[in-house]
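By written order: A, B, C and D. Residues from 1 in each chain.
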């Protein structure tokens, strides 16, 4: 953990923040049955109940276990079952087999959360030094990451079910209003003259170690597109044979398209399919679907027609890169993205409890902040820097110059993943509102499609 | 379905039998949480809730759907989700992915069962001809098979969990009494002079098509062991390097031993292991465990020390065959087994409701009928023809001379599996009491270890 | 090795027989380049040069190494490289990686053969007792088996090459003459009244241990087809949707058809394909090929149009079983086949050197003895018991009642394969002429298609 | 192809250069038997004869086929068999199955080369414009790349053979002299003040498109180690548990170590092993080998004891990265490497014909230029920028700012691999002498170990 983790507030504030974040996890799990919370749909995803337990284990292990004298773990087996990848802490249960665990069940896990929460409140109320406050704060940011993962993962679980169940009902949206707001003439690309820019986190607020140190980067003149690539634009790419033209793809990407039979973004399905066209193993049968009956998309609120005005979501880096090439553009680098975003964004959008209790905008993937929320035409809306989809960059995820991982097991948090993955920027509609930052560095393998991922274009000037 | 399915009783009797069998499935599922009922631990197993739904689908599809005019399915998607392998009925959901389905949940499946049960009772009460009575009877035997599968499968699910949960608590057993009864001088091998014997089902009772036609078989003189191979004998085999000597094994079996790292029967674990030694991925580390701390075994009633007096259970055909070779014997053929059993058995033992409500003997695998049940020393107890473990035979599972599968989709029930599998005889402690017969032919692939399988020896005379 | 291995002739005869068999292997390898002899096309096949070395290793290890005092192996590494599966002899090089070995090359292997041949001739000339004569004789039969494997395997290697090379040129055949001879009215099915028949080898001639002991078998009345199923009949099966109807197939067979995309026998290719339609990875694209441009077949003499009059070859057991079901018949059991063959066959046909030097009939798979060889219309020709294709039976390959494997490493020859495989009878056009017998039991996994396999039908009477 | 490919000399010079490069490929293949040239040891490698044919196909397809009117291909099937990955040119034979092709054999391929060479000489002699001269030059650089691949691949083929054959005999080396030259006090680390540096190719000489455009990069102050990490240092890393400590590794790297059982660099084997310890499938059995009998290494000149003074070779990026972390350092970025190298190197070392005919230094991997070649103590020797091993960098392989791939099929040469791989710099002892440059960008997946790869360390200042 870095010295920059310093925003931990006073004892009362920290306790309150702790309880809020912890409660929000339970709010997210609330619409899900015991069965829903048990299933693991692929090795990359985890069951909902595992997320609930793992985030609890994190506090139990790194805070209570190491710093609360005499603390007795709720169940010694949990140290084995709910360690995700911390080698320094001991052996761990195999990740791809998390879905084999029916026990502990959701009631036991709820009790586990309550017991650890009580112990944590007592621990925090006792007064913490800066280092421990920072550690608790890190645990909360860790839990917020898992809140997003929980939603990503349950969407995949429900999407594997041919009956297409919804996570929750959609709040009716004033679609017309959005469309109208969007119908203004297209905004202009955002130009940047290049030169030396400062990149990375600074200041007192919390950040992860991988956002540091702040450092200079040298840019060539470039421009970024003023909005995200939309489903409508993606349909044009598909209609132009985008998934059939190897010249548009990286070699590894083309191999992946062939092997997995991709012909549209994840969760898109032909509108005229039946039950056997859905779920795992459903075979695509041709790229001319878009011309025939159109496409529907599985979302957290059920299956809806693809909306051409929405940002495209659930595309892999390979697809994003191929699309950019098809469009005569490229993906932005991390530094380019951050340099521009820093000059355009006044407010970071994200998910809050209201979204899940029906008071705010829907959970529909990629749904931009509706007109009633912040008003049309603001930079935050139109340009969608955060709050819509994570944006793939051209940058491989690696260490910043001078990067040092945190000491101890916590140091395994980010640093050990700095190869083979691509960096993403921004934040998605399912990212907790106070979790992302303009310096935030997300990362996934280039074939991943279950995160809420889209893209923005760049060109050289 | 064959003409021999003729034991279907009158309308009242059939309704009562129907309700009994259907209720017993629910009784078996009752100790299991929603989470337990959702997990699929390997491609060969199915979730409990899938068994509950599939057996219901069988009646809905083959009885109501085909013979009740105007019947509307409870949910059209179920025809896709709960078809197991009937190609003639249409496409089906991929078997290895049954564990991905969180929906329908156990409440919906309970409702599905109730609705179909109601419709079935109405249908049966209306009066059925012989053919339809036979069809309903077949559905009941099908459900009884799945009752056994349900127990096999949930044992595997719970066995995959490092915390070693029990399906239900064990009823205390009078171990001493059993041991005492067993301590008499060893019974003698059962000799048979060979010659022509009649094999297969005859008479009015129900049987599956694969038990017919009854036909003559020619035997050489042989003898069968008067009891099943025990855990104590298996420990001797292990101590003698049984799992390390390729000369004892079929080539395919030895390859399987190497690939899977077998060093003891399924569910046996070193007594001195910790949580990370259990569950999938737990690596064995040597064959001298038996000499050190001994072995424990995961059972439906939790983890217990291996009892040397009990029949060994959960061994594959490869292991049974290797053991027999090590012992200077061989496995019996199907015909040998049936020829001897027909002369020794007065009562077929099996599982009944009492076993599950605490009134009878435990569910511990391989537990033979206790002394209080039938008295010691009878042929039925000592010789364990049924009610303990399924007994591997030397016979590949194939058609009897003159075999004809039933017509229509039902004809896919048995006949299409008649290659690559080995026949088993007898019945296990989890086989419903009125489900097995001395002519019953069970079958599994030779590497299968999750059925309740053991062995009896044979020698040429 | 069994007592029945007693045909080993006197010293001179044995030496001459040894040299003949050894020379024939070299004759078979002669048309092949160093490159051809090095390739392994799948895990089941072995490179030609490996066959040449392994058969030599067999004599070196089991004869010279064990019985020639002071014998020094030609190269100690060969014991590791050229052991096929004899666990008792020590570790061995991994089978699927035999194609990785460029060294020793074909010149070194030729030298190895010469050195061992010299040592063997000296050893034999010294005079052998019955047991050693039998052991040498076994080595010769072992080498004959590998002669057939060599041809099977090189056909597969060359068949994997999109340029479709031939092993050797075909001798022109008088096709008209054969067709004419065949145009007589169809011969009648051969009926058998059933009852007890004696099966298995007896007498002084050589046999493998798996052909013993001779024993009684009990048969029901049945009839066998008087000839093998032809390519023309197979085309009818294909045209009738044989590869698209799951009701015709065993469950495992149907799964294999789906997984591997079978739509015709191995080596059949659409007549109108181009180079990218051939070799591994070439995708089939529909079952209506037979109706369009017809089919060609890759053979040892190159690519030819499929000849409807020839016995179908290179079909798996799954296909043979499905065909028989489609035809309203079944496959014969081993005992049925042997009982009938014993009454019909006067001469066992097979491959001899003349076949390979252009003086006899061609090597075209399934080519029956031509008219010039034995004359048309004899039982041997029409009924094709041997010398055409191996004939799948309904019998799983297992031990005969009372079977005892030979002692020592040689005992691994046959016995350890007695599960999961199906028995075949007869012999193929590439089986050395004096190698097969009516009691000979060949065996392959039910999915194997690279052996020269076909079928004969049976029906119950 | 970029505008920078401009060094193509006049007609005579080009013809001579063409013949030299083409002849050198044949020289490299000369010590190899037909068997050696046929084997493919893993999907990543290709048979020698495939390299010989593919480089020929490149000229036939891109030069003669497109620019020589009326040119008839030597064999139409070669377009399918010898296309490596050019999607724009048509379908191609599956890469992992190149080892299945016994035909065409080495004689046919030699003839193919001669025919194309003749046609090419005629074509070049006719006079070429700049664009075509550049295209021919590109083909020559392509062939030089395959010369290195040929040596990498044949080393792997021979290394898979338990008998450990050598590609050629080693020329005796004056080891003492080298050691003496090295025994001076250790040279100092090379410091760099950071700032803006220009990176990438400029000028008239040939380069690949991925080396352009030359552009500015911004560096922090850093230092590079003055020599490559040696085998002796690697042994210290191993002795300190380098392969057993997850904290030293990237997560993907640690997974790879576990899965593949790495415990030393590729080609290292325990000195006390026997034949079954070598070749594929040989299991490592512990990390304390270094302390016991030491290690030997398979090289192109046979098996030798590991020489502590030599640069370590055949380590993956994962290993290089872990080593650097263990040493308290990091890997340099591409820009850091190039910025320093540009100031230190006066001559690029590499492989020339003399090396292979016994007149120069040996082919032993990692062998630095010997004292007799350039004199001891020069920067080029001690610092080993080229001519020893390729040096892994911290940089993912991606496009330079403003990068544009060449037009047409040739554009698939480099650009489509710009994800998932790591960049390497320098050049190896098997890289043709005039093939590498200080701006040259090589790239491999981070798990690759069969290239001649080592590392140099970096630290922040």
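Heads up, the rule we're going with is that a residue touches a chain if its C-beta (ideal position, glycine included) is under 8 Å from a C-beta of that chain, and two chains touch if they have at least 3 such contacts.
All of these numbers come straight from a predicted model, not from anything done at the bench.
Asker: Which number of steps is the smallest that gets you from subunit A over to subunit C via touching chains?
Answerer: 2
Asker: When C-D is set beside B-C, which has more C-beta pairs in contact?
Answerer: Ranking C-D and B-C by C-beta contacts puts C-D first.
Asker: Quick check: how many Å separate the C-alpha centres of subunit B and subunit C?
Answerer: Centres of subunit B and subunit C (C-alpha means) sit 39 Å apart.
Asker: Between subunit C and subunit D, what is the gap in Å from one C-alpha centre to the other?
Answerer: Centre separation, subunit C to subunit D: 46 Å.
Asker: Could you pull out the residues of subunit C that touch at least 2 other chains?
Answerer: Within subunit C, no residue touches at least two other chains.
Asker: Quick check: in the complex, which residue numbers of subunit D touch subunit C?
Answerer: 33-39, 41, 49, 76-77, 80-81, 91, 93-94, 97, 99-106, 157-158, 160-163, 165, 275-276, 279-281
Asker: Please give the residue numbers of subunit D that touch subunit A in the complex, ascending.
Answerer: It comes out as residues 85, 87-88, 196, 215-218, 220, 246-247, 249-254, 317-318, 321, 330, 394-396, 398-399, 401-402, 412, 416-420, 422, 446, 460.
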